[in-house]
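Take a look at the structures listed below.
Look at the two complexes coming up: chain A is in both, with chain B in one and chain C in the other.
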Partner chain A sequence: MYVAVKGGEAAINNAHRLLADRRRGDRSLPSLTIEQIVEQLGLAVDRVMAEASLYDPALAALAVRQSRGDMIEAIFLLRAYRTTLPRFGASVPVDTAGMQVERRVSATYKDLPGGQLLGPTFDYTHRLLDPSLLEDLPVDEPARRPAPDEDIMRVSDILAHEGLIESDGEFPDDHEAGDITREPMEFPMPRDLRLQALARGDEGFLLALAYSTQRGFGRNHPFVGEIRIGEVELEMDVPEMGFSVSLGRIKVTECQMVNQFKGSAKAPPQFTRGYGLVFGQSERKAMSMSLVDRALRAEELGEDITAPAQDEEFVISHSDNVQATGFVEHLKLPHYVDFQAELALVRRMRAEIATRNNDGGMQEAAE
Partner chain B sequence: MTELASYNFAYLDEQTKRMIRRAILKAIAIPGYQVPFASREMPMPYGWGTGGVQVTASIIGPDDVLKVIDQGADDTTNAVSIRAFFQKVADVAVTTHTQDATIIQTRHRIPEQTLREGQVLVYQVPIPEPLRFLEPRETETRKMHALEEYGLMHVKLYEDIARHGRISTTYAYPVKVASRYVMDPSPTPKFDNPKMHMYEALQLFGAGREKRIYAVPPYTEVVSLDFEDHPFEIQTFSQNCALCNAHGVYLDEVVLDDKGGRMFVCSDTDNCEDRRAHGHVGEMLAQDPPLGKEAAE
Partner chain C sequence: MDIAKEAMPQSEQHGRQRAASLLAKASGQELQGAWDALAEKPTVRPVRGPETGLVMVRGRIGGGGAPFNLGEATVTRATVLLSSGTAGHAQALGTSKEKVRLTAVFDALWQEQATRQWVEANLLTPVEIRVAAEDAQKAQETAATRVDFFTMVRGED
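The block that comes next holds the complex of A and B.
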């Protein structure tokens, strides 16, 4: 009846068994395959890879399946695996100008070298539920254009030629990027670490913060210089060989936000940059990231810090959804020892007030 | 995919353990100081004791005997889960007996039986910064610790007294360690604070999400903050444990029915079982032998 502490082990085992049952669902239906998830729920897989900071579509798909489609749980699974992997080193900085572009749009120029490429976008779909998807009807092969002869230049490079935009970061070429998963965080953070934190930050949280800057909480006058999605080559320097070798290709989404800037005591009038780079295809995340990155540069550029999105410690400390969900959800763990302490205190204080009121009442009556 | 299942002894790789051990050594060298460490993602959620688990994983060896408690009890679900984790990844011996353990990982309690030299008590810590609720910024609180600027904490305690007639902090009650750093003892009830003072065992504190480790070495002064005219005091219970009749221990209140029926039982289940094994009988067991027999099992 009362000693509820026995039986924890059996309860946990039974809970896990039930969870496995619910995850599998109706056994008469075929089980989802990893390949199906990778191919048909690709954007979910991309999000898991991005926020877990591990580029591995098959493992991300496994995580999605194991988590029953709970994205944060899937991200957590993949991160917990990632953290056990050894580090070989760091890649050479990715050259996004050399990207095999699948989508590339600029909001700042009507036309530009390389053209505007819509790619696989939801942007101009009418959001009408499509009954034909209830059945597995054949889907047309996509139209393809011939591969361009040369790389598609970045919009930020066009502006840079004219000297209208600030240079791309101030780190020297031999700067070794930090690693927020291997070193404790400290504030204020250099921008490379901040961008790392944003790249694995929660999409929803960054979206909301980015939105807040547009609504006046730290407005930074953004234009989408360019969004590009496609595959980039990943290379690594191998000291023994004296040159860099290709590790393969990964799909990324890059957003370069161009922000109007009237100048301050610290910097002349020029366009400034907000930067977003995310694994896979996730424009929403890359755009949010670039708006928040720019907002967080307020101090560096001598702007007033007035809004949450400009507050580095606030943003970075709360952007990690695995940390956030853990701490919020841990409130369901037993806290009865502390609650007992609070119970006793509240009872005692209430008793004291009751005594005081009674005394007061008697005095009044006696007067 | 098969390599997915294989992990190093005690889960963490040796490089990570070395990094954490360095942080622990630094923490022991500067009692009460919060040492930043590169906390790893663990296979259990933040808030479930990832800091404590990392500390335990870094110090545990094949010969250790592990005890895990949550709310003082060995059988609470999360204690069961963490114990099972170490059985799986380190294959160590586990126990519920405080005296038999070499490492005790705890959440929210300090065992009633005093530990001895050589034992290690590992605390799970949610918010390591005692000043956090007075100043939310890490950049500020680190400065305050550096300058030993603890006035704000005394003002908070004073405001408690002004408003409520007493210090109304009942758990996570701030302490000063070795006359230097103000430290959060983790959310243990203040009832347990005096046990930390000149403790024979090594006390290690791990905060995974906040990436901090701190320590109180054996035989170190740990003083709960107070005022001369409002000295620190701990909770007292008017009842004895209903099962083992213990007095002067921390009790859990258990609701018996919807008519206001209550009983109080030991929070430290091992201590309670030990006392019952030595013939101590509480009110509930004396009145109701069949029920008592069940509970003692």
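The block that comes next holds the complex of A and C.
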């Protein structure tokens, strides 16, 4: 028999009303606008888009506002929104070589075509709190310098010229890119599906795993071949027009990790690679993704699987923070009946033990 | 689809691709401004949308390898028909329906010989100039953060 218990409707309604009040905060202060969040909390917006796996800065900013800045809640909101929309199709793969670069650094070559472009980075700041930001003081316009008309060559292409590095990951021509949002997950998982999962994976989880590989748990000797951030053109084939057209531009971060070399009896040694590509500006995430991508290629590259970061099922099954938060947080919902059952079981077991002990005690006394 | 491709000469296709690319970059304000400035407003019948959906953004493994699915983006699209029978299509990132409906109207007007020059002069050229100026400014701001390495000679040879 199952008896449903109802109640709490008024409490829930009032809790949501209270939430709305606390979200708004002190009414004497101006309310945040979506434009302010997009412009001034842009990296929070980028993280929400990346992990929600939906590029839309305005909606991501709305999610940040609605969630009171709780990133995983915001990601959850945007993820839920995407399920309400039909899919029009897939884009032409973005061309990161043709990116309008806003930042590009390489840790492997000092002088390379296009140069080291620092862009808007936190690197080399002193990480001291800036009291001037307590006030709304005017901010200087950025410095400018004539931009050379020069291609910003991929570092992997430089190394590829000499055959010193493995090629970009290839699949047979008839391979159709898999989609984890459409097909159930199965292991072993091809690299294209793993990259999709990692691209939406939790930044903190991937960062920790990436760090673990550096500390010796699945070591793979990384160098940042290149990080580039900037806008790429998004194009899609439109059947009505008979050709591909631009949908606009999106900002992405790409990381090319160059890793320890590998050779065999047949092939001379060459560097291996890990790849990271993330929506928005997020180089910590792109770097972590490329380290984990490389670690997960252990089997393909004939390495021993000894560490968590190399364990495909462990990494991919636990990288999605919406799934993770759903399962962890569901524990706080009413489990009254389950717990009553466990309570009854524990009481019965204890009673049985007590009876046995009493019987034993009486037998001892009788002897 | 193949028939449409064959019927359209290569240069015409490039022209329309360029127009569609610029229209996708036009702001709502630019589109509304052009519409307001249009002396004879065409009669427009909606055929499809404007409707918002998702496009799966693809990347390539290693930057140039096999495609993989990166994540989705919101895209709004619309198809309209002018009373002359010319169909206009538009699709752009985001969820702004009115902007994309206007874009489809201008795609149709661009295809008509009588209005193409007007659309070029009053919408596409200003958008092209604005986008080029913004790109140039960003490129210059980025160029100012380029590292100029120099060697310091220390000690005596």
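Convention: the second predicted complex is superposed on the first by the 341 of 367 C-alpha atoms of A that agree within 3 Å, B and C clash if a C-alpha of one lies under 4 Å from a C-alpha of the other, contacts with A are read in each partner's own complex, and residues count from 1 in each chain.
The criterion applied here is as follows: a contact is a pair of C-beta atoms (placed from the backbone, for glycine too) under 8 Å apart; a residue touches a chain by one contact, two chains touch by 3 or more.
Computed from a predicted structure; not experimentally measured.
Engineer: Quick one: is A:Glu9 in contact with chain B, with chain C, with both, or with neither? Answer first, second, both or neither.
Structural biologist: In the superposition, A:Glu9 touches chain B alone.
Engineer: Tell me which partner touches more residues of chain A in the superposed arrangement, chain B or chain C.
Structural biologist: Chain A has more residues touched by C than by the other partner.
Engineer: Just chain B (first), just chain C (second), both, or neither: which does A:Gly216 touch?
Structural biologist: A:Gly216 contacts neither chain B nor chain C.
Engineer: Once the structures are superposed on A, label A:Glu186 by its partner contacts, choosing first (chain B), second (chain C), both or neither.
Structural biologist: first
Engineer: A:Asp168 in the overlay: touching chain B, chain C, both, or neither? Say first, second, both or neither.
Structural biologist: second
Engineer: For A:Arg82, decide between first (touching chain B), second (touching chain C), both and neither.
Structural biologist: both
Engineer: For A:Arg200, using the defined touch cut-off, is the partner it touches chain B, chain C, both, or neither? Pick first, second, both or neither.
Structural biologist: The answer is second: A:Arg200 touches chain C but not chain B.
Engineer: A:Pro268 in the overlay: touching chain B, chain C, both, or neither? Say first, second, both or neither.
Structural biologist: Neither partner.
Engineer: Identify the partner contact of A:Pro131: answer first if only chain B is touched, second if only chain C is, both if each is, neither if none is.
Structural biologist: The answer is neither, since A:Pro131 touches no partner chain.
Engineer: Quick check on the output: what are the common chain A residues between the chain B footprint and the chain C footprint?
Structural biologist: Looking at chain A, the two contact sets intersect at 82, 86, 181.
Engineer: Report the residues of chain A in contact with chain C in the complex, numbered from low to high.
Structural biologist: The contact residues of chain A facing chain C are 49-50, 53-56, 58-59, 82, 85-94, 96-97, 100-103, 110-111, 115-119, 142-148, 154, 156, 167-171, 175, 177-181, 191-193, 195-196, 199-200, 233-234, 236, 238-250, 252, 254, 256, 273, 275, 277, 279.
Engineer: What part of chain A is in contact with chain B in the complex they form?
Structural biologist: Residues of chain A touching chain B: 1-9, 11-12, 76, 79-84, 86, 181-188, 313, 317, 322-323, 325-331, 333-338, 340-345, 349, 352.
Engineer: How about chain C: which of its residues touch chain A in the complex?
Structural biologist: 1-2, 4-5, 8, 13, 16-17, 20-21, 24-25, 51-75, 77, 79, 87, 89, 91-95, 135-147, 149
Engineer: Residues of chain B touching chain A in their complex?
Structural biologist: Touch residues, chain B against chain A: 4, 7-8, 11, 13, 36-43, 45-48, 50, 70-81, 84, 107-109, 126, 137-139, 164-165, 168, 170-172, 187-191, 209, 211, 235, 250-254, 256, 263, 265, 267, 269, 291, 295, 297.
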